[in-house]
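Below are two complexes that have subunit A in common, paired first with subunit B and then with subunit C.
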Partner chain A sequence: MLQYLVRRMLWGLLTLLLITFVIYGLIRFMPGDPALLKLYQESSDKKITAEQIEQQRKMYGLDQPFYIAYVKWLGDVLTGNLQTSFAYKAPVSSVIGERIGRTLMLTINSLILEYLLAIPLGLYFTARSSRLDERSGSMLLFMLYSLPSFCGALFLQLWFAVYLEWLPLHGMQSDNYEQLSTLGKTWDLFKHALLPVAAFTYGGLAYYSRFLKATMNETVRQDYIRTARAKGIGPLKVLCWHAFRNSLIPLVTQIGLTLPALLSGAIILERIFSWPGIGTLFFQSILERDYPIIMGLVLMFSILTLLGQLLADVLYAFVDPRVSYK
Partner chain B sequence: MVALVTIVLLFLVALCSPAIVGTKPIVCNYKGNLYFPCLGYFNPKWENPIFIKDKFRGVYPRSLKQKDAESWAVWPLVYQDPYRRVKADEWHGVPSSREMLDNPVQNHGKPSAHNFFGTTPYGVDVFAGMVHGTRIAVLVGFVSMGIASFIGITIGALAGYFRGWIDVVLSRLIEVVMCIPTLVLILALISVIAEPTVWHLMAIIGVTSWTSIARLTRAEFLKLREMDYVAAARALGASHVRIIFIHVLRNALAPVLVPISFGVAAAILIESALSFLGFGAPPPNPSWGNLLHLGQDHILGKMWWLVLFPGLGIFLTVLCYNLVGEGLQEATDPRLRQAGK
Partner chain C sequence: MTEPLVEIKNLRTHFFTDEGVVKAVEDVSLTIPRGKTLGLVGESGCGKSVTALSIIRLISPPGKIVSGSIAFYDDGRKIELTTLPEAEMRKMRGSRIAMIFQEPMTSLNPVFTVGSQIAEAVRLHHRVSSREAWDRAVEMLHKVRIPDAQRRASEYPHHFSGGMRQRVMIAMALSCNPKLLIADEPSTALDVTIQAQVLDLLRDLQTEFGMSILIITHDLGVIAEMADDVCVMYASKVVEYAPVVELFTNPLHPYTRGLFASRPEPGKPKDQKLRTIPGVVPSPLRFPSGCKFHPRCAYAQERCKKEEPVLRRPNLSQIPPSHVVHCHFAEQIEEQEEAAVKSV
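Right after this comes the complex of A and B.
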């Protein structure tokens, strides 16, 4: 097991190196120069001299070819320094750290909701297999699963925020947020988060309940379930106790695979709801050519993806004694 | 089955889009020659230069009559344009009793008898945009998945057939590509291109989404290469290339169609998401995502038709491809087939 872990870690590190190198090369080839952009913003009327540009480029480390700059970036990362953002003039780690909580607020809540709702739904549909309500329910879930999240988010916005005016259209706080009491602040946040969380949740909910139903359908046909039924155990207990416990294995390992989606899944939805989290930051940094931020986020996404896959495999061995990595 | 029919229908709509909605005649007789100006919707170069030389300025009905009284033309079913606002006096067939005939602008363009799905804030017909947008949707699905299946099947087949160190190297490659966050890579790639077009988008989606196809092909090849008929082919002296592409691939293809079908749905989804975010093809291109983007920009104008129709279009297309993928999966996966009985 230990040997397996070490091998996986080494491969993971190599993968990380490759990914960051490729992305670093790519973003350096993007048209547009952050140094020029910066100078234009600072001096709208004055002429910019070639000297100034050179100086600014040097400050950003753009005067070197990208592979040298990459090695420098890598060295900085290894010493725990993610460099300084061009646009925010603050360390990348603190810029990201400031926003990561807001993203997690959406994604973790929706993940909890997904599991809370998907498990009873999946069980219910297994129990009512092939009946009318199960068929129509499954069809509905399949449709939800196929509804792209940005379409769903727009429909939700249009209906609840524009026509009914029950909930705010976008943003995270109202304009008078600072004057509200603690309770009022929470309520305000809740109202703003409701639509994004709903848009996050429905796709995953459909996915997990379909997933659970599929694995349950397989488990239910196993011999030991028939034995349990033959012993005279009630259908509810067979389903929830005997069958569900074994269907839980793939469901648990799925958690690992959803780890990267927790952050990167937010990119599109945060943009729609103008939610000031990681996704919005990523977009801005691409548009502003804020290389350190892009690299910091790419590094984070890739590490999460790799960790998620590793976690899934380890969890798999952990919950299923039949699996071992020897 | 319904899904398959819908997809075929989508293809037909895409193929006939200029004949369904447009402002350019399907066939016209002008100064004694036959022309097909509607082909200009597929590629501006296919529109005969004579119409530019004679200063038609894209408005056909009036110009045709003015410049050649003898001319005749067969028109598309609906006279609307996906690129520009259609004016009242353009089309002689419109009954003159209607008060306002110009396509409405701002948020007045509710769906009506003239604009089935309403109009955008700039007076462009949404129905025309939707019909011409199917072209992009169909193209994106097929071109990008064509690229992805080519890469995926080749890599998967080589890895599964030769095993050994080739398999190790290619499997690692698959794993590495799988780890790259797709959306991040796509956004980075698009930003590198100065003026992205739909074709760039398709290529990018293609080169980033071949991993699941490669994995499945590899698994199938690992299984099939041990079959007797492969040994027989080898004994007959068939070359590796022949065995891979003629004998084994043909048998491996059915299960590989499953990720391809889901991939088409995902490609359409990614394209519309990118256009929606403003990273896609430049706006005059009628893509469903672009229309949806307009809808979001003007959401406070309560223009529900700008959100509902393109949204439904994307949703239904993705749903159909997913259903087809699901059906294929059920047909090819023996475990699921047992479950059905």
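Right after this comes the complex of A and C.
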């Protein structure tokens, strides 16, 4: 097992190198020059000399071919330095570090909700297969599943923020946040997070409950389920123990895929809700050609993707006794 | 005559599918004697498994027991299984009536150790600690002659071969001392030598535990080895019913005769082509009129196409009253065949 994981890890590192290299190249060939952009933003009379540009490019390390710059970037990363953001003039790690908690607050809560609700829902629908409540519930889930999250987000905003005025439209804090008590602050944050979390959750919830129901439908037809019933085990235990325990096997491989989704799902939704997290940062840094930030985020996504696969492998071996990595 | 263990009368089990009503079991009556073995034989698709699943009440929708009765005699009490509430039936399953299946490779849950699967059955029906249940599981594995039972109990099904898994299934089925063991083609999926071992084991365990066995098979060899009584089924019906020796000496129904003729026998040379019954088992959705066997029957006459026979005692002096057959012309065919044998 350990040996297998080490081998997977080494392959993962190789993939990581390849991904970052390709992306580094792509970014550099994106139209738009960050040096020019910066000078233009900062100068008052909008007159920029070629000399100034040259100097700024040198400062950003853009005077060298991209592969040399990449090697330099890699060298910095290996010593734990993600370089300095062009836009924020601060270390990339601290720019990301400041925002990541805000994103994780949304995505982790929504992941927990997804599983917490999807598992009982999937089991319930399996038990009620073909009945009226299952048919209509499945239909509703399918509709939710097909509704893109940004549409859902807009509906949620329209209904709860604009029409009912129960919840704030966007942002993370009210204007008077600083004056609130600790309890008040928490409540304020909670109110702001509610709609984004709902928008994050419903799609995954629909996906996982449908996935679980499909796997369970397959599992309950297996011979060992008949054996369990022939032993005299009741229907609830047959479903939630004998069948679910087997359906867990395909389910855990899905968990690995959700790890990168912890961050990637945030890009559009954070824009819609003006949530100052990683997604918003990613969006802005692309607009501003903030290469070090983009690379820092790409690195993070890639590592999470690889870790997700590794996690899926480990969980897989954990829930399926037939699997052994040799 | 001693009281039987199970008495099935006029059982009808149908599946209400989209294509129509599948009459998988039609008017089946049979008796499972106490401590003895009843063999249920017939080609694939003739309703054997559905009969067995009806007894243990594991017919799932769209299937349903439509009518008939299944009486289970337990310590002098008569329990009517067809109308028993599901909760009561659940207590019967595993403890009074146990079942093993044709597919040993897939009949055990792959994610639990074999010991825990046996122990689960024990704990379900007896108030024992998990330690005691585990010990019972090991004891049962030992009884089905799995070597090194202590260690193997904590292994998963995929560590066992097909034959070994069927032994595990038998251990699980017998762990609560059932009165009836239903064995649905228990050896069909196994190699010939393993088959013989499993059947031997079942016989020995019957001597030890004293349970009745309902063994289902399409193989007359298995019947010869295991059964005391034999019930031959064709197209959802019982076509012949007799004690085993009687059936083997005097098969009366043309279908039973066909089964015997298509048997490979040690005396016959290997390359000689077996006489098989022409045609196939009809689908329950398109049963022929009259006697359902008539399209495949060499002796069929006009009457067979129009009139369905009844299960009856043939009017032949050498046939004991325990032998019944579902054929209009059983007597004539018997005389015809006797004459043919004499003329050779």
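We adopt the following convention: the second predicted complex is superposed on the first by the 325 of 326 C-alpha atoms of A that agree within 3 Å, B and C clash if a C-alpha of one lies under 4 Å from a C-alpha of the other, contacts with A are read in each partner's own complex, and residues count from 1 in each chain.
Heads up, the rule we're going with is that a contact is a pair of C-beta atoms (placed from the backbone, for glycine too) under 8 Å apart; a residue touches a chain by one contact, two chains touch by 3 or more.
The structure displayed is predicted, hence computed values, not measured ones.
With the C-alpha superposition on subunit A as described, subunit C and subunit B fit side by side in the combined arrangement. Touch criterion not met for A:L132: it reaches neither subunit B nor subunit C. When both complexes are overlaid on chain A, the residue A:I233 reaches subunit C alone and has no touch with subunit B.
One of subunit B and subunit C touches more residues of subunit A, and that partner is B.
Contact with subunit B, but none with subunit C, is seen for A:P148 once the two complexes are overlaid on the shared chain. Of the two partner chains, subunit B is the only one that A:R271 touches; subunit C does not reach it.
With both structures placed on the common chain, the touch criterion links A:P321 to subunit C but leaves subunit B unconnected. Residue contacts after overlaying the shared chain place A:L2 against neither subunit B nor subunit C. In the superposition on chain A, A:L18 makes contact with subunit B only, while subunit C stays out of contact range. Contacts of A:L164 after superposition on the shared chain: neither subunit B nor subunit C is touched. Following the chain A superposition, subunit B and subunit C show a smallest Cα-Cα distance of 9 angstrom. No residue of subunit A touches both subunit B in one complex and subunit C in the other. Against subunit A, in their complex, subunit C makes its touches with residues 56, 58, 90-95, 98-99, 101, 103, 106-112, 120-121, 124-125, 156, 158, 169, 172. Put simply, subunit A touches subunit B in their complex at residues 11, 15, 18-19, 22-23, 26-27, 29-31, 142-143, 145-148, 150-151, 154-155, 157-158, 162-163, 169, 217-218, 221, 260, 264, 267-268, 271-272, 282-283, 286, 294, 297-298, 301-302, 305-306, 309. By the touch criterion stated above, subunit A contacts subunit C in their complex at residues 222-224, 226-234, 242, 245-246, 249, 319-322. Of all residues in subunit B, only 172, 175-176, 179-181, 183-185, 187-189, 191-192, 194, 265, 269, 272-273, 276-277, 292, 295-296, 299-300, 302, 304, 307-308, 311, 314-315, 318-319, 322-323, 326, 335, 339 touch subunit A in the complex they form.
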